[in-house]
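Here come two complexes built around chain A, the first alongside chain B, the second alongside chain C.
And now, the complex of A and B:
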């Protein structure tokens, strides 16, 4: 199998890992980490797509843009986690849902 | 087109200005963030005026910066007019609703950023460019949903919204990568010549990913929490305009996917129908008014998707046009309902996001004290069901008409069920109206303060607009017809 195809399969595997993590995570921080794994998979597949169509530079620039957008999103997610921890006193989703009633 | 560049850039550039110069502690602060935001919106309206003049002459406007190309067609125009109208009214409304809360300047800055990203998103002519605007739009909405950050429920709702939206946008990225792999380009004008399984997978990812923002089955669970907990003005804006941009993005992305129109149309028909049923049935069991309105939004998204499904599967201009008309009128009536409810809750003493807990019983007898605003709320509610002469009747009726004209028995059957659910919607709307018009004299209601003019003004503008549109639906032809035509061209 050529390396590009291996990376293609690897990206889907990484996405699956992230999705599985998101489904079983019972903690806000762990959910954010699972989302991060999924974003890395998306960057990888964008670069693979660029490489396969002979436009590696395009794929890489898309990947870099994703890093920027994703960093903004994750900062906001973590800020909300800090706030949740300060007001509810926990990041466990079960306890948060219970606190909300 | 410099005016189009101005229209897109202005809100994004002025958003940090509002944040910096509207800040409470800023040494140069001479003006309230709210007034500054209104001033900026006035400039955006001027830009829109010139853009509309140019648009009337040439049908499609484009602007290019190096590799980035932006293109404005009929769909963009419809969404820009709706979003700008609602943003302006919500800005006026929020002055009294949010006065004295922490971080007002951030609120108005995010509102402008949201407007700018929506305008950019509907004008993007490149799949990846569209995704970047989409992500920017999502970021400003998380901030606004979590605005009342002392409320645990608001933080929880925003976290839920965040996790679902980010996972949706990652699925969209995967779809984009697959399109790039097959087409070799992400330009929305360059369609592939032959179908491929890769593209079908990409299409499924687009439906799932953009479906989160659009609150399409099965990804609508964030919506009631987010709309319930957001400041009332934000709920109005999100439900009226921002959620629907998910639909626009989805249609643009799906236009790249070569597959049979019947298949996409059929998928949209089924998803729309499930949304109608889920939204209507779940709304019945709610007691908090904001949540009732939120669930009703899920149902109305279903009607728009249903209409577009009819239009695509049969190539019927009437279906697409009625979907766009319902999108516009739903924006007016749902934001009217949220704003009128927010004003009543404000008058009854809800501050700092307590309007989220305002239940149907709390409305009791408010019609006596506030006849005008309660009448507007009732008009919006009746319009949501589709009672003439409100605007909601016109658009729902056109959707049903477009549906029954189709030869397919299945579509006609779906339309009959959709019409029946429209009647079921009466069951969640009537308690609101009945309780508000409870005519038993209650002295405690008489002592309530007046609703400030800054809240009444946007409500009355929307209420008049709703009835005028209901009586003369032809007034909207100039923006709805190009939108329908542009949508038809996407799938032509």
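And now, the complex of A and C:
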């Protein structure tokens, strides 16, 4: 299997791992971590597609957009998590749902 | 061969990040995933984005997450509940999707030697403007993250002010250091506290 195909298949499995993590996450920060893994997989697929079609610069520019958006999502998610912890006192999703009614 | 090893390592690190019971360990596994993805991108010839991924993904995001965990206080380890059926379903689904799409990849073209800066500013100028807005939103998020510590100190000071008999009142104006005891107990909302 050529290296690009290996990367492509690996990126799909990385996406699956993130998806699995997101589905079993019971903590807000764990959900953020799982989301990060999924976004990394998406970025890898974009760059692989760019390399395969001969437009590596375009793939990279799309990847940069994804990295910026992802980082900002993490920052805002962390800020919300800290606020949530200060107001509710926990980051466990079940407890938060119970507290919020 | 090296690509295969790196890909397998990346997926395993991601799996450890997902099933890890402690948040700090999960964060460190995530940093490892970022570093490995950076290496994969470098192997692919995308050097610029590899450097950005390494510095932002493995550096900045890890520091921010460790900072947030320090502020929250690393909670006790939550037991990992194995969802075997779900895991098998996800693995099967990804195997199917990867198998169906990998053969539809186009034949490799020769990479057009185009400078990344030209593509970024000429072709994707609008996206760059949107990214500036996003970065502004991120800065606001960091400011929100940092202002929480001030709130905690203020709430603590107001608590001490309302119970002067139990605690020395000189501590009210001394802005005590933040520790885990300042974080309110579960269901103890800040809104109900007299500030």
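The criterion applied here is as follows: the second predicted complex is superposed on the first by the 101 of 101 C-alpha atoms of A that agree within 3 Å, B and C clash if a C-alpha of one lies under 4 Å from a C-alpha of the other, contacts with A are read in each partner's own complex, and residues count from 1 in each chain.
FYI, a residue touches a chain if its C-beta (ideal position, glycine included) is under 8 Å from a C-beta of that chain, and two chains touch if they have at least 3 such contacts.
Only a predicted model underlies this, so the values are computations on that prediction, with no experimental measurement involved.
Student: For A:52, select first, second, both or neither according to whether it touches chain B, chain C, the two together, or no partner.
Tutor: Both partners, chain B and chain C.
Student: Does chain C touch more residues of chain A than chain B does, or is it the other way round?
Tutor: C
Student: Could you look at A:76 and tell me whether it touches chain B, chain C, both or neither (first, second, both, neither)?
Tutor: Once the two structures are laid over each other on A, A:76 reaches both partners.
Student: Output check: A:16 vs chain B and chain C. Expected answer is one of first, second, both, neither. What do you get?
Tutor: In the superposition, A:16 touches chain C alone.
Student: Just checking: does A:42 make contact with chain B only, chain C only, both, or neither of them? Give me first, second, both or neither.
Tutor: In the superposition, A:42 touches chain B alone.
Student: Just chain B (first), just chain C (second), both, or neither: which does A:5 touch?
Tutor: second
Student: Quick check for you: in the superposed arrangement, does A:88 touch first (chain B), second (chain C), both or neither?
Tutor: It touches chain B and chain C both.
Student: After superposition on the shared chain, which partner residues are touched by A:65: those of chain B (first), chain C (second), both, or neither?
Tutor: A:65: touches chain B and chain C.
Student: Determine, under the contact definition given at the top, whether A:30 touches first (chain B), second (chain C), both, or neither.
Tutor: Only chain C; A:30 stays clear of chain B.
Student: Of all the chain A residues, which ones make contact with chain B and with chain C?
Tutor: 15, 18-19, 32, 48, 50, 52-53, 55, 58-59, 62, 65, 69, 72, 76, 81, 83, 87-88, 99
Student: Of all residues in chain B, which touch chain A in the complex?
Tutor: 128, 131-132, 135-136, 138-139, 142-143, 146, 149-150, 152-153, 155-156, 158-159, 162-163, 166-167, 170, 173-174, 176-178, 180-181, 184
Student: Okay, in this complex, where on chain C does chain A touch?
Tutor: The touching residues are 3-4, 7-8, 10-11, 14-15, 17-19, 23, 26-27, 30, 33-34, 37, 40-41, 43-46, 48-49, 52-53, 56-57, 60-61, 64-65, 68-69, 71-72, 75, 78, 80-81, 83, 86-87, 90-91, 93-94, 97-98, 101-102, 105-106, 108-112, 114-116, 118-120, 123-124, 127, 130-131, 134-135, 137-138, 141-142, 144-145, 148, 151-152, 183-191.
Student: Which residues, counting only chain A, touch chain C once they are in their complex?
Tutor: Listed in rising order, the residues are 2-10, 12-21, 23-24, 26-27, 29-30, 32-34, 36-37, 40, 43-44, 47-48, 50-65, 67-69, 71-72, 74-76, 78-79, 81-83, 85-92, 95, 99.
Student: Under the touch definition given earlier, write down the residues of chain A that touch chain B in their complex.
Tutor: So the residues of chain A in touch with chain B come to 11, 15, 18-19, 22, 28, 31-32, 35, 38-39, 41-42, 45-46, 48-50, 52-53, 55, 58-59, 62, 65-66, 69-70, 72-73, 76-77, 80-81, 83-84, 87-88, 96-97, 99-100.
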